[in-house]
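By letter and in written order, the chains are A, B and C; residue numbering begins at 1 in each of them.
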Amino acid sequence: MKKTLGELADLVGGEVVGDAQVAITGISGIEEASAGDLTFVANARYANLAQDTRASAIIASPDIKLSGKTPAIRSANPSLAFARIASIFHDTAPLYFQGIHPSAVIAPEAVIGRNVTVGPLTVIEGGARIGDDTVIFGQCYIARDTELGQGCVLYPQVTVRERVTIGNRVVIHNGTVIGSDGFGYVQVDGIHEKIPQIGIVDIHDDVEIGANVTIDRARFKSTVIGQGTKIDNLVQIAHNVHIGKNCIICSQVGISGSCILEDNVILAGQVGLAGHLTIGANSIVASGSGVPSSIPPNSTYWGFPAKPQQEARRVNASVQRLPHYVKVLNELKHKVAALEARLKE
Amino acid sequence: MKKTLGELADLVGGEVVGDAQVAITGISGIEEASAGDLTFVANARYANLAQDTRASAIIASPDIKLSGKTPAIRSANPSLAFARIASIFHDTAPLYFQGIHPSAVIAPEAVIGRNVTVGPLTVIEGGARIGDDTVIFGQCYIARDTELGQGCVLYPQVTVRERVTIGNRVVIHNGTVIGSDGFGYVQVDGIHEKIPQIGIVDIHDDVEIGANVTIDRARFKSTVIGQGTKIDNLVQIAHNVHIGKNCIICSQVGISGSCILEDNVILAGQVGLAGHLTIGANSIVASGSGVPSSIPPNSTYWGFPAKPQQEARRVNASVQRLPHYVKVLNELKHKVAALEARLKE
Amino acid sequence: MKKTLGELADLVGGEVVGDAQVAITGISGIEEASAGDLTFVANARYANLAQDTRASAIIASPDIKLSGKTPAIRSANPSLAFARIASIFHDTAPLYFQGIHPSAVIAPEAVIGRNVTVGPLTVIEGGARIGDDTVIFGQCYIARDTELGQGCVLYPQVTVRERVTIGNRVVIHNGTVIGSDGFGYVQVDGIHEKIPQIGIVDIHDDVEIGANVTIDRARFKSTVIGQGTKIDNLVQIAHNVHIGKNCIICSQVGISGSCILEDNVILAGQVGLAGHLTIGANSIVASGSGVPSSIPPNSTYWGFPAKPQQEARRVNASVQRLPHYVKVLNELKHKVAALEARLKE
């Protein structure tokens, strides 16, 4: 594919600086770009790289100084402009096969929408309903009485357990399990007797879920993933968790049972939440934190146990100097003893 | 299905308060219940919810005050009574298919018991022996010379590696791997040369294992999971680990090689154990802890590094006030200097 | 199989002490060994076990005192010698099936080398190229335009996403995902819009990767795993990470985007790295550490946040004694107040 820089600028609502007729045939990172490539600089820290790039053109924010050697698209949001152009030059749904593969095992009672792809060796059980334009790669398992919306993409080896509901344009990466049983037992004479987990998982529109994630079904009712929330690899979401809209859950986070995340929450990598907590809207928990109690909205927390980040940093700074303070304390002890001795004289 | 409250009370050995003839057609959580539902209150904290429930009946422990508006079953263990009733109203083994699916690839040398279900596209290799009444969902991989007991349930996409042995009534959720190689290398001239992992995994009766768990085979002999132990999602159990009876291993726990867990140990979420430790019977490690050394029986540990919980809490309380103590220390320093100056006068 | 002790000694370049004609028919750990077994002692701590073993022979390092009852092979590296002998007595590639299984779904455009095994129900898409002598167990998914080298072993249910490249002699355990999308979004009016992840994963020769690992493809270019690096179960490697040669990445480690690990780095279990860090060659990060900034070569770091281990230990020792220091501080406060009062008199 070949586009002129001017055509691409129109597409993203940017303004061309320099030759609008330069031909773009691909996209690349700023350091590895070569002739024909379009690249981008979103951060003034990398402005100097823009001087040396071998790209044929650059997307840059208005505040970045350019040498003028390389034509550019000025854009208020270069990352976004670049993302949109990238999806033109690259096939972002990396399909090898389209249609219903003959090796798929699809129950006659399943309801498959129009323009659906079902890859090789995928199983779809009875009662499942698959919306139009959804792509289910090979070796997925779609259990009975599930419902998938329109325009979803399920990569190979995703399993969706019985009765789970999934909205529109949901993307799920390889190896992820939606709807395994919640971890609930009641102890009877020293034996852990299972508490039936009879709820479901309900995933709303525009959610993306990474690889090898586990999301447990509710004890009753639903574990809920709100619209537009994005979940990274190897995350654990326990039964009855409710996640709001547009949250960001980074890799290896663990969310215990019945937690509530309000909208726009960010949990950084390896964060752990105790059960039954509420994380208020727009709050951020920094990576590695262990959260023992609820967090108010619009907060940034860090630490083990987590506390407001400024406080956590102040505490941590003191902790790092603690051996010094201990030395001061011991000196004081001797000085005070000496003073006491002198006053006794 | 429809049962009277009296029939259900008999089933769980409870006593009816109010109308024993009320018809129950389903079960539900206390807040979301509606007419026809049976619900439960196990904790006095939620007693007020019982006043407002729209359920047709409640299971409650004897110490919970009820309004009398709603008929009830009094039970010493409402959670357990409820769990048992739940399994009547809901199909807890969510089978779509029964019998041997024609698309399964089963080696002629495999030995399959009576009344076994093997779902679509499951592979069972030669030398595998599957006990009576076991359900293996679709897309599982049962490698050669494995042995599964009676009444097991393996959800889709479980893999059981060669020579692994699994007892009776074991439940394994989707994506879990039993018997991958232990992580063992010996360094030779800067190269990591693999140490063969020739042992097995031995899972005893009544174990339940969550989704996307990994349990490594022993270097020699066996990695052992004791009877009645329950393991949550995304847990790592390394080679040669021995876990006792009725342990609870919460999500994302990592247990390093050759650790021993005695009976009834509880490891909360994201706990990590160093190698070759013994965790004594009935001990609890609180969530997020990093355990560098063995723990005696009947202990509760917490922290990074983990220590007895009371001590850990005392240390943590001091740490949180450390900026204050530093201020006090600095004031003292000045006061002592002033005292010294005055005494020199 | 049966070998004399002398034959085995020749094989590993060791020296026989005692009867070189003793017949060895198997190998075992020192405590569980029985007649016919060869066992080993690599550590002087376990020398006393060597006195009591029922093994027919022992491999031991030169510094370990033996009773003379049991014949032995003296070897400078008993672990290595044992590993090599183990691979003779045990089948380390646990194959049930060889050749191309008829149930595999292989695109006609895929290029399959000589002496390749493809297990049942594996999918290989068009454009994939599989090197000679590679074994792909059943139920794997090899996406389009991937390249696998020679002599690789992929256990069941591995997925290799489109365009990923894998070198020679690479071993990947069950459930691992290579090439899922990196976790990258740009926020537009409160919505997280996906940044296309158009790079690949490039795995070099002699890498081994455990079970249920996730390695994301780069935004551009490559996520790289260097030659001879070994990765344990449930590890997360984000987009654009570059890992050097012969690194050891233990279970449940999380490596954030664009990190660089130089050669011979060791990350112990559950370590987390923030994004864009460099971990210098030969450095070690102890288990459970959270690493917020880069680490120089030849260092050992520990803690949350991680710092040089000696410093971290000193800080931790002070922290553990903090309640004591607080007591001392309070005593001093009273003593100083008393001194001040006396001087005011």
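Criterion: a contact is a pair of C-beta atoms (placed from the backbone, for glycine too) under 8 Å apart; a residue touches a chain by one contact, two chains touch by 3 or more.
Since we're looking at a predicted model, the values are computed, not measured.
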item: Chain contact topology (line, ring, star, complete or other); value: complete
item: Rotational angle, Cα trace of chain A fitted to chain C, multiple of 5°; value: 120
item: Copies chain B and chain C touch via same or different residues, half shared test; value: different
item: Rounded Å distance between chain B and chain C, as computed from the means of their C-alpha atoms; value: 26
item: Chain B, residues touching no fewer than two other chains; value: 121, 139, 157, 175, 212, 234, 252, 270, 304, 319, 322, 325, 329, 332, 336, 339, 343
item: Residue ranges of chain C in contact with chain B within the complex; value: 27-29, 32, 77, 79-80, 82-83, 86-87, 90, 92, 94, 96-97, 101, 103, 119-121, 137-139, 155-157, 173-175, 206, 208, 210-212, 228, 230, 232-234, 246, 248, 250-252, 264, 269-270, 287-288, 304, 316, 319-320, 322-323, 325-326, 329, 332-333, 336, 339-340, 343
item: Touching residues on chain C, where the partner in the complex is chain A; value: 105, 107, 121, 123, 125-127, 139, 141, 143-144, 157, 159, 161-163, 175, 177, 180-181, 183, 185-186, 188, 190-196, 198, 212-214, 216, 219-221, 234, 236, 238, 252, 254, 256, 270, 272, 274, 290, 304-305, 307, 314-315, 318-319, 321-322, 325, 328-329, 332, 335-336, 339, 342-343
